[in-house]
Amino acid sequence: MALTREQNEQLTRTGAGTLVGDLFRRYWMPALLAEEVAAADGPPVRVQLLGEKLVAFRDTQGRLGLISEFCAHRGVSLWFGRNEECGLRCSYHGWKYDVTGQCVDLPSEAEATGMRSRIKLKSYPCIELGGAIWTYMGPPELQPEPPALEWTQVAPERRFVSKRLQESNYLQAIEGGIDSSHVSFLHGGSLNRDPLFKGSRANEYNLRDRMPHFEVVEYDGGLLIGARREADSDRWYWRITPFIMPCHTLIAPRAGHPIGGHAWVPIDDERCWAWSINYHPARALTAPERQAMKDGKGIHVKYVPGTFVPLANKDNDYLMDRSTQKSGVNYSGIEGIAMQDASLQESMGPVQDRTKENLCSTDNGIIMTRRLLLKAAKANREGTPLPGLDPDTQRVRSCAIELPRNVHFKDGAWEGLFRELDTDPVTV
Amino acid sequence: MALTREQNEQLTRTGAGTLVGDLFRRYWMPALLAEEVAAADGPPVRVQLLGEKLVAFRDTQGRLGLISEFCAHRGVSLWFGRNEECGLRCSYHGWKYDVTGQCVDLPSEAEATGMRSRIKLKSYPCIELGGAIWTYMGPPELQPEPPALEWTQVAPERRFVSKRLQESNYLQAIEGGIDSSHVSFLHGGSLNRDPLFKGSRANEYNLRDRMPHFEVVEYDGGLLIGARREADSDRWYWRITPFIMPCHTLIAPRAGHPIGGHAWVPIDDERCWAWSINYHPARALTAPERQAMKDGKGIHVKYVPGTFVPLANKDNDYLMDRSTQKSGVNYSGIEGIAMQDASLQESMGPVQDRTKENLCSTDNGIIMTRRLLLKAAKANREGTPLPGLDPDTQRVRSCAIELPRNVHFKDGAWEGLFRELDTDPVTV
Amino acid sequence: MALTREQNEQLTRTGAGTLVGDLFRRYWMPALLAEEVAAADGPPVRVQLLGEKLVAFRDTQGRLGLISEFCAHRGVSLWFGRNEECGLRCSYHGWKYDVTGQCVDLPSEAEATGMRSRIKLKSYPCIELGGAIWTYMGPPELQPEPPALEWTQVAPERRFVSKRLQESNYLQAIEGGIDSSHVSFLHGGSLNRDPLFKGSRANEYNLRDRMPHFEVVEYDGGLLIGARREADSDRWYWRITPFIMPCHTLIAPRAGHPIGGHAWVPIDDERCWAWSINYHPARALTAPERQAMKDGKGIHVKYVPGTFVPLANKDNDYLMDRSTQKSGVNYSGIEGIAMQDASLQESMGPVQDRTKENLCSTDNGIIMTRRLLLKAAKANREGTPLPGLDPDTQRVRSCAIELPRNVHFKDGAWEGLFRELDTDPVTV
C-alpha cells in the first residue's frame, strides 16, 4: 500500500513541467494576504509559489501585479524596485514593468528600436477575494472562473484568514488536514481547552472512539471524507471533511463555533504556506472569537515578529513542554492545534518518504486523496476534464452530524454539506 | 604512504552496509550518558549513531529502548511521543512501541486484522554500564558479551564520564587519541597548569624529547602503542596507549592522577561523540578531582548550556587567544586539552583528505590503527574472528613507565597493562 | 546576445585549471590589506583566493608568506599555528614552514632521513604595494612585473583603501563597476548628498541624460569604456571608465574629489572581495575626506564589527528603507553607493544566469569586457601575449570631461587618461 518512489516524487514535485505542478497550475491559488499588498504604490512583496520566484505589487490605480521577481535586463531582483506611476521600476537601470509584466519604460534604449515592446516578464493574473490575493499560474486560455469556496464568499466580518510558513512539502500538510483520525490523539487534550473548539459534545465522541470508520465519496470538486464514530443513543457521529481540488480542506465544525478550513499552497517542494481560515456563513465573528484567532488559538498561531514563521518552530523544538505532555494537558506537549499538526508533519522530513509507510484503514482518506491527485494530474496531461474547476463544485461545507446507524452520510449529511450561504452549519 | 581515495572512504564511512560501518556494528558502543535516560517514563531522547536516527527511552519498568526514530505508520518522529505504560506512543495516531520496537497498540486498526503484530520498528539492545548506555547494532546472532573496559567495571565513585560533540569524522579523532607525539607540542604548555595532569615528571620528558620512537604491538583486543622518550638516568620513558577495537583509546596516566580514556563514536560520517572518561582503578575520585572534571579541566570541556556542544567551538574559533599563544602559556592559544585536540582535528575538515598526507615515523600508531581497522573490516566480511570482541581483551590499562634502555615495553610494561582491578596504575 | 550556458560557466569559474581561473593566475592580485598582516610574528590570517585556501603571515624578519592553509603532515589548519622565529609552526606536531612554504623544522623525524627538505607547501609570492598585499598565483616562470596601477604608486597620504565581502561571483561585480549607465538611476538621489560625490556639475548631467551612448576602446591594458551624455552648451559629457585586466575598474572622478577605483577579486565562485580605493594623484586626502571614507561614505561601507562583512547585508535586506525610497532621497532605499550596487548584484543570485539576459546598447561595456576576458583566457591557453601584464598599460586614470560634439573621447580625453603621476585629474 506504500507508494513507489516514482509515485511519491510525482505527488510531491510541483515545479513547472512536473506532473502535479502542472495540475496545480490549472487552479486559482491564494498567493498573499490582501493586507500584504493593500496600498497602491506600496512596497513590492517577494512571493514564491510552486518553485517560481515572483514579486507582487499594487500599482497606482490599485491594480495587482504578480510578475517574475527578476528584471529581464540583467536579472536584478525587482523587490528592490520602485513602485511608482503604474509600474514597478527596477532600481538598477530604471526598466519599468506594468502589472502584466509588460515593459513600459526602457530608458537605456531608444524607443525606436522596438526593444521595449518586446520585453515582457512572466506575469500571472490576480484576484482579491476573501481577504486573499489569488493567482492563476496556468495556460491563459484555460483560466477558470474565480474561486467560490464558501469562505471567500462571506462578508469580511464573518471571516478570519491567516497564513503561516510550514517547513514541509504541501502533501504531508494536506494529509494532516483530511485526517480525522488523529484528532482523537494529537488534539485530544486540547479541544476542550481551546476557545474555538471547546464545549462540543463531539469532543467526547472523538476521545471515546479512537478507531473511526472512514467512508470516502468522490464528488465533482474532489472528495468528501466521512469519519464515523460512536455517539450517544446508539447513533453514529459523522465528521465530513471536504477535500476540494487541488489543496483545500475544511474542518468539521463544532457546535456554535465558526467553520475552519485550510489551503496548503506549495512554496517549493520543501515548504508550503498553511492558510488557515475561520468563517461563519450566517453571522459575524464575535469580538472574543476574532481576538482568540489573533492570539493564535484554534488553527491559528503566534508569529516571530515581522514574519509568518510560527513562534514555536523547528529551531526551538516547537517549545515542547514535557510537563504538560506528561500531565496529559497537551497530548504531545506542543501548544496549539496548528503547531501540534505542523510539528509532527515537519518531523517527517521536508518530503516524507512514503515508500516506508504502513497505512491502515483510517488512512482511507489519505489513500483516496493521493489517488485523486494522480488521476487528475494524468487527466490534465491528457486534456480531459478536471474536478474542482467549476465554481459550483467548490461550494461545499464541512459538516458534523449525528445519524442513525442505518443512514449513510451521503444521505443524511448531504443537505448539510451543500447548504446555501447565510444558513447555519450543521454541526455537533 | 598516504592512503588512496578508496581506502580513505572505506575507513571513514560508517553507514549500514559500508565496510567499516558493518565492522563497528559488531561491537557494543556507548550511545548515551546514563543520566540522559535516567527516569522511567521520562522524556525520549534523539540519538544518531553510525548514520541511523534513533530514539531512546526508559519504560515504566525501567527497561531501556533504542528504536528507530520514526513511526512505522506515517513517518512521524517518535521524539514527540509519549513515554507511558511500558511503551513509547506516537503523538499522531497513538501507535505504541515497546522497548523492542514491537508495536503493542495500534488503535487505528482492529486487532483482528493482525496488522499490529506485524509492525515492528528496528531496535537495538541496550546495557547500562559505567555511567553509559551501550548498544549493539549488529546481527542479533552475533551479539558479543557486554563490554569489559576497565572504566566500566569500577564503582561509580571511582569514575567520571562526559561526552561532547566533535564536528569531524571519528577517525581523525581516534588518530589524535593514539598519537602520543603531539603531546610534546600542542599540550606542552598546558600539562603542568592543568589540575588533572600537573606534577608529573613525565611532563618534563614530554617537553624534552619531541621525537618519540614508536613501537606498536598488536594484541587480541587491538593495539598497544608504545611511545618511547628519553628519561633521566639513561632510562626510557614509555607511554603505552591501548587502542581497543573499534574506537576506544586510553591515555597514559600521570603520577597520582586518574587514568583517562576516550570512546570515539560515529554520529554520522562528519560528526562523532567524543566520550571522555577519567577513572582510578583503586580509589574514589577526590572531590577536587571531580570538581575539576565538571569544570572542564583535563580532557573534559565546558558546554553551551543545555547541549553537549563545547562552549569553545568552530563557530567562535574556539575562543583562540593569540596572547596566550604568543606567550607560550598555551601552545595553540586554545584553552583546555580537549579543545586543543578537537580544534585541530576539526580544522582538517569534516573528513580529512588522507590522500594528501605526509606521514612520518611518529605516525606508526596511526598507520597501524588504519591497517588494523581495514584488516578487521575485511575479516568481518569474510566471517573470520575479530579482535576486541572477547571481554578479556578489553581488560587493559594504559601505562606510563621508566625502563632501562635494554628492556622493551612488551617485557617491562606488560604487567602494568594487564593488572587486576583494584590495583594502582603503573605510572610516572 | 545573451550568453550560452557554457560561456557563462567559463566566465564565472575561477578555480585552478579553469579557463578564466588560469587567466586570473597570470596577474598580481590584491590578497589582503597591509594592516591585516602588519606585525612581524603577528597572528596568521586565513585567505581564500580563486577557490584556494591559504594562510598569510609576516615572519620575524618582516617577510610575507602566503602558503597553503593546511599542514603537509596531517592536514591541520596552520591558522592555528605559531608564527615564530622566521616561520609558521603547526600547533599539532610542530612542523614549521618558512614564507616560501619550505618545511624548515620537522621535529618528528630525524633530519637524516631527508624528509624535511622534501616537504614544501604551495606558496605564492607577495608584494606590499599601495596599502595592500599582492600575490601572484601563476606559473613562477611567467611572473610579471609588480602592479603599477596609479593608486599603488601614490604616497600613502594620498590614498585610502578598504575591502568588503561581496556575496556574488566576481563578474557581476565587475559588470557593475564598468556600467556608467546605472548611475543615472540607482545612485541618482545619492550623488549630491554624499560628501565624496557631491557638488559636481556631472551629477546633473547624469540625472538629465539617462540614455548614455557607449564607445568602448580596446587598449593594451584592457578597455577604455566611454559613456557619453548631453552636457550644457551643446557639448558632450564623457565619463571614461578604464577596465584594467583582469579585475580592476576606475570611476570617472567628480570635480575636486579623489578618484575612485575597485579591484574585484574572486574568493571562490560565489563570493568576491570588493576592494574600494580612493586616491588623489596630486595631493594628500584631507582629514574630512579620510573621515568620510572611514565612516562608509562614497564607495566605502560600515562593517559588522571585527569583520569585512557590510553592516547592511543580505541577511538584513540591506537595511532597506522604503520611506527614503518612496521620497526619492534614496532611489533604491539602500544607504550608500557601495551597498546600492552590492545589494542589486547579490540579488542576481551567487552566479547570475546570463543565458536569460536582455542586453541593450548601454551594455556595450559589459559585452566588450566579457569578450575581452574570454579572448584573453583563450590567448592564455594558446600562449599568446596577454593584455594588462605590462606595468605601463596599468598606468591609466579614469577621466571625466566635456568635449565638443565632434570630438571623440579617444582624441579629446586621451591626455587625461594617461597623464603623469602628480598631476591633477581631468574631471567635471
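Labels for the chains are A, B and C, by order of writing; each one numbers its residues from 1.
The criterion applied here is as follows: a contact is a pair of C-beta atoms (placed from the backbone, for glycine too) under 8 Å apart; a residue touches a chain by one contact, two chains touch by 3 or more.
Remember, it's a predicted structure, so these values are computed and weren't measured experimentally.
**Q** Among line, ring, star, complete and other, which best matches the way these chains touch?
**A** If you draw each chain as a dot and join those that touch, every dot ends up joined to every other.
**Q** What's the rotation, in steps of 5°, that superposes chain A's Cα atoms on chain B?
**A** The best-fit rotation has an angle of 120 degrees.
**Q** Counting residue numbers used by both copies over all numbers at the interface, does the chain B-chain C contact come out same (over half shared) or different (under half)?
**A** different
**Q** I'd like to verify one number: the distance from the centre of chain B to the centre of chain C, where each centre is the average of its C-alpha atoms, in whole angstrom.
**A** 48
**Q** Could you list which residues of chain C touch at least two other chains?
**A** Counting only residues that touch two or more other chains, chain C contributes none.
**Q** If you look only at chain C, which of its residues touch chain A in the complex?
**A** 175, 181-182, 184-186, 210-211, 320, 322, 325-326, 331-334, 340, 343-345, 347-349, 352-354, 356-363
**Q** Which of the residues in chain A come into contact with chain C in the complex?
**A** Going by the criterion above, the answer is residues 41, 43, 70, 72-77, 79-80, 82, 90-94, 106-110, 113, 115, 119.
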